[in-house]
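First the structure, which I've put down as structure tokens, then a few questions once you've had a look.
Should a chain be cited, it is by its letter among A, B, C and D, assigned in written order, with residues numbered from 1 in that chain.
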Amino acid sequence: SLAAQDAPAAGKFGIGREATPEEVAAWDIDVRPDGLGLPEGRGTAAEGMAIYDENCASCHGDFGEAVDRWPVLAGGQGTLENERPEKTIGSYWPHLSTVYDYVRRAMPFGNARSLSDDDVYALTAYLLYLNDIVDDEDFELSKENFTSIKLPNADNFIEDDRESEPHYADKSDPCMRDCKPDKAEVKMHAAVLDVTPENADDNAPQGGID
Amino acid sequence: AAALAGTGLARASEGEEVITEIQDWNRYPGDGVDARPYGQPSQFEAHVVRKNVPWLTSDSISSINFTPLHELDGIITPNGLCFERHHAGIAEIEPGSHRLMINGLVDRQLVFTMADLKRFPRENRIFFLECAANSGMEWRGAQLNGCQFTHGMIHCVAYTGVRLKYLLEEAGVKTAGKWLLAEGADASAMTRSIPMEKALDDCMVAFAMNGEALRPEQGYPIRLVVPGWEGNMWIKWLRRLEVGDEPWEQREETSKYTDLLANGKARRHTWVMDVKSVITNPSPQAPITHGKGAMVLSGLAWSGNGAISRVDVSIDGGRNWHAARIDGPSLPMALHRFYYEFDWDGSELFLQSRAIDDRGFIQPTKEQLRSVRGPNSIYHNNGIQTWHVDGEGVVENVEIS
Amino acid sequence: AAALAGTGLARASEGEEVITEIQDWNRYPGDGVDARPYGQPSQFEAHVVRKNVPWLTSDSISSINFTPLHELDGIITPNGLCFERHHAGIAEIEPGSHRLMINGLVDRQLVFTMADLKRFPRENRIFFLECAANSGMEWRGAQLNGCQFTHGMIHCVAYTGVRLKYLLEEAGVKTAGKWLLAEGADASAMTRSIPMEKALDDCMVAFAMNGEALRPEQGYPIRLVVPGWEGNMWIKWLRRLEVGDEPWEQREETSKYTDLLANGKARRHTWVMDVKSVITNPSPQAPITHGKGAMVLSGLAWSGNGAISRVDVSIDGGRNWHAARIDGPSLPMALHRFYYEFDWDGSELFLQSRAIDDRGFIQPTKEQLRSVRGPNSIYHNNGIQTWHVDGEGVVENVEIS
Amino acid sequence: SLAAQDAPAAGKFGIGREATPEEVAAWDIDVRPDGLGLPEGRGTAAEGMAIYDENCASCHGDFGEAVDRWPVLAGGQGTLENERPEKTIGSYWPHLSTVYDYVRRAMPFGNARSLSDDDVYALTAYLLYLNDIVDDEDFELSKENFTSIKLPNADNFIEDDRESEPHYADKSDPCMRDCKPDKAEVKMHAAVLDVTPENADDNAPQGGID
């Protein structure tokens, strides 16, 4: 309520003002794995397909396979141990909430925040469909059934344990003299690959930086 | 001393014309004090710029460019050269229209203007900011030929701002509040979850860098400062902080910034940037041009765990190591500048540097990292970098035995 | 907390439109990473510039401009805002055509190229550079209304360069060599005599400032760094160092940079910049706009004698003093940033700051200085500055009882 | 000699090369009070007048009195204890060598290094004449008689003794409480003077920054 605003803030410095409920609602758009932050709403995969084809397919491809170097959204299941893993919603992402949250805040790229909450439910349902996580195009995703969906790779995330790696765990003094037997030999040249953009003949290699 | 013949003397018996003839700048006045209200680098430094690699990303709006480390010295990165990484380009925000909201598990949900933020006690700290994907291309071996490209997603800046703690205390964090979501005002509305312990420890909301207002590409008017932790968490154009009891598992902490291991498992919450160093000179973009004799090797070292206690340099590809000289301020979670002066005999060199931080972590070799993690982690590649120098002083990024 | 009515809410029951409406920068992407190879400040910071005072000098080529201290924070001055003082405008020198000569009482008269200089061991140091005439207008009382004009002939920069000692040792200084003449390559061929003791102690030949190449207006490609001593001695566009047995008594150390006393005598060799401080915020160009309540007072302190050990602040014109908080690096002969946080009750203030250095020198009042020196010294005015704040927060430069 | 250049430099680092005599001569243009650095040459005050009127008077005035805010070069004797001292070669400068040195290196402003050594002798002689230090317009200044000329204010320079000033010599703790009796009163306002260039009505006051 606004009446409270005229009273001094209870903080130590008394700086700032209380946010109005409308202001918090306008910005508090995040969604958590446990469903906290999900808005009222619903949408089917079929509805999502129409929205997707209109707003998303130009970059992400008709089936989420991506155009050019835009992100791939579907497929890649079973590739995480491959030489070139394909990390998608279906193959890699642990939580469905992240799809809803991210599409709502940042997509379509170039016109963020232009979708309705129902649109985002429908798109999320369709992305499940493109990733073979639901098979029925009439599948409807809603605030109510949202947290019942588990993504396939959810259990494959572990907490950071870098400090236990042998090179970090070993705190002995590093070798200073005669640390390796033979003279150094070149095993790989950047100049052979020649992908540095300063050179005239730029060739894009596979992969990139996410 | 170089023979006079090699110095461009017109007639050696007289001397170099740049000395014996009066040059224009010795005679005619230049620009006055009204010409450059905000100064620029010399026209002769036009090559010292951030560079992007078009094929790395789908377009330039969600992409990166790289700091020209080989052209810089000391530990401060000039504001105009701090690498950029945006997810929806540079948000241009009029500071009078910017707000910072604190919501969630707090006693009072608050809104601050920029003027409000400048009424809290300020502090000044120098920190590096490294993108977790810096050197990411090197997981598969030597690829890009220049430290600007292999290591240039880092900068080090003196920040002025407000301790995040003061802002959170002003709102009153509830007992259940263990995590913080930080959100940006740009068109990607960038978000990251930060554990409350870090938020209350050393995080800042910064409004100035290297003395002046933040640059637009670095989050003007405010960014979050998360010392020692991966750059993606340093939310730019910061508009909202939500206190919660669990992490949010946002796109940038699940799809991205998780480290895929060889066994298909992925590490999450890999926040700290590990102990690391790189030789910036000589390097592929900065060959040795002066021939044999006295030379200065220089580089940068840093660790998200604290200060750097030592840097070793090898000129024979890790067979023998020499303690380098760290010069200038040695501050926790800041860049450290090191030098190693030696006489080059003109023979082939394999240059490497190895940093050790004050928690005792030693920068690993790329082989050590690959043997534990495989080649698919993308992030947190802090392996020892090798530059090959040939007899002409030409330098190349290589992998060696 | 400010009442919501005062915050520009369209309809208070909803909230501010900048929050409740999606702004353009929340929706549409901005510039990509290829747009700004060398970045610039925000368009909303266009007022943060060096300013000159046309009537101070005969023309803009031999003149000064001033650093906007009231817009900056921390201790580092951004390169684009470091005040300028030239005697023949900005020399634009192609570094390949620049030479540094050492001649006079040395074993070998030498010529160095820029490439040569970069082969000597380097060091990195942060130093203030203050023009000896900074605050010179204040000898006759409060005149210019803004700390940019009263105190803006100072900057503080992280330098990278070579110890002058190494260069002199390379030439071999003869026993009789007690003085050094440093000369610039600009159209004023600026010269100053420096005692050999200082030259061998801590002087540097710098080629980089704040990480990147020196700026043209600061002497690109090299300048002399003379820590703690008056700015005029820090020869820009340095081209020559002559070793001699006596000082040269050049124009800039006789006609200028000597301090005329009331009795007609003049002090010469007044090199050290004395202990000094100034409150940068609030100040005439930076009034208090937030009304009563918590506020941050901030300022800068420095001494050519060493580090600052304490800064005191008075809000009642020197009747009572409070120890300020020094924040950020505290380095000898560098700027120190201080803060004093207090609750403003809305009444008239007389703000003063008083610095004390680690040799025990205390910043004097203007009256103390005038009583010993009279009003004609021009240089070395380090007196305590007073700002008057009225009930509206408007700030003025005043002299008080 | 150039032969020596091929030998390694004797310095510790062996960096740089020896300067040739011609190079040193080209840059070593400084002149000291004891005459060190003076070139061969000569010129009379009368010759100097012609050169001065052509090259200098437009800024410094026909009699060294200065045009606008350009520097005054003559006059001002006996004003050093006045409220507005006038510091010129005649009233203030301690050494004639400084005139020769400075004019040779930096004047005329806008075309430095354009004068011959004889020109500079003549101009220096004329500046002595304008300052009433020599009275004869046929007075000739040369390398030979140069150091015999003493400037009037030569003896009025003292070494820096700031540290002996009472406020610096007193190292006791500064007062912190009730240091002055009455409430502060404004004695002078910058806003009244109104010379700050940010305001619209800029009025140049007397004086400036050298």
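Here is the rule we go by: contacts are C-beta pairs under 8 Å (C-beta built on N, C-alpha and C of every residue); 3 or more make two chains touch, one makes a residue touch a chain.
What you see is a predicted model; the values in this text were computed from it and never measured.
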Separation of mean Cα positions, chain D and chain C [Å, integer]: 24
Whole-Å gap separating chain A and chain C, where each centre is the average of the chain's CA atoms: 47
Shared-contact residues (touching 2 or more other chains) in chain B: 7, 16, 19, 26-29, 51-52, 54, 61-62, 64, 88, 101, 111, 116, 119-120, 187, 189, 293-294
Residues within chain D bordering two or more other chains: 9, 13, 15-19, 23, 27, 109, 112-113
Pairwise touch network: line, ring, star, complete, or other: other
Pairs of chains found to touch, sorted by chain label: A-B, A-C, B-C, B-D, C-D
List of chain D residues in touch with chain C within their complex: 9-13, 15-19, 23-24, 27-34, 36, 59, 68-71, 80-81, 83, 85, 87, 89, 92-95, 97-98, 101-102, 105-106, 109, 112-113, 156-162, 165-168, 170-171, 174-180, 182-191, 193-199, 202, 204-205, 207-210
Footprint of chain C on chain A - complex, ascending: 2, 5-9, 13-20, 22-23, 26-27, 109-114
Chain D-touching residues of chain B, taken from the complex the two chains share: 1-4, 7, 12-16, 19-22, 26-29, 293-294
In the complex with chain D, residue positions of chain C that touch it: 51-58, 61-62, 64, 87-88, 101-104, 107-112, 116, 119-120, 133, 136-137, 140-146, 149, 166, 169-172, 181, 183, 187-189, 191, 239-240, 242, 244, 246, 248-251, 254-256, 258, 260, 262-272, 274, 284-285, 312, 316-321, 350, 354, 356, 360-362, 364-365, 368-369, 372, 375-376, 378, 380, 386, 388, 396-401
Complex interface listing, chain C residues touching chain B: 7, 16, 18-19, 23, 25-45, 48-52, 54, 59-65, 71-82, 84-86, 88-95, 97-99, 101, 111, 113, 115-116, 118-126, 158-160, 185-187, 189, 207-208, 210-217, 220-221, 237, 289-290, 293-296, 298, 325, 327-329, 337, 339, 341
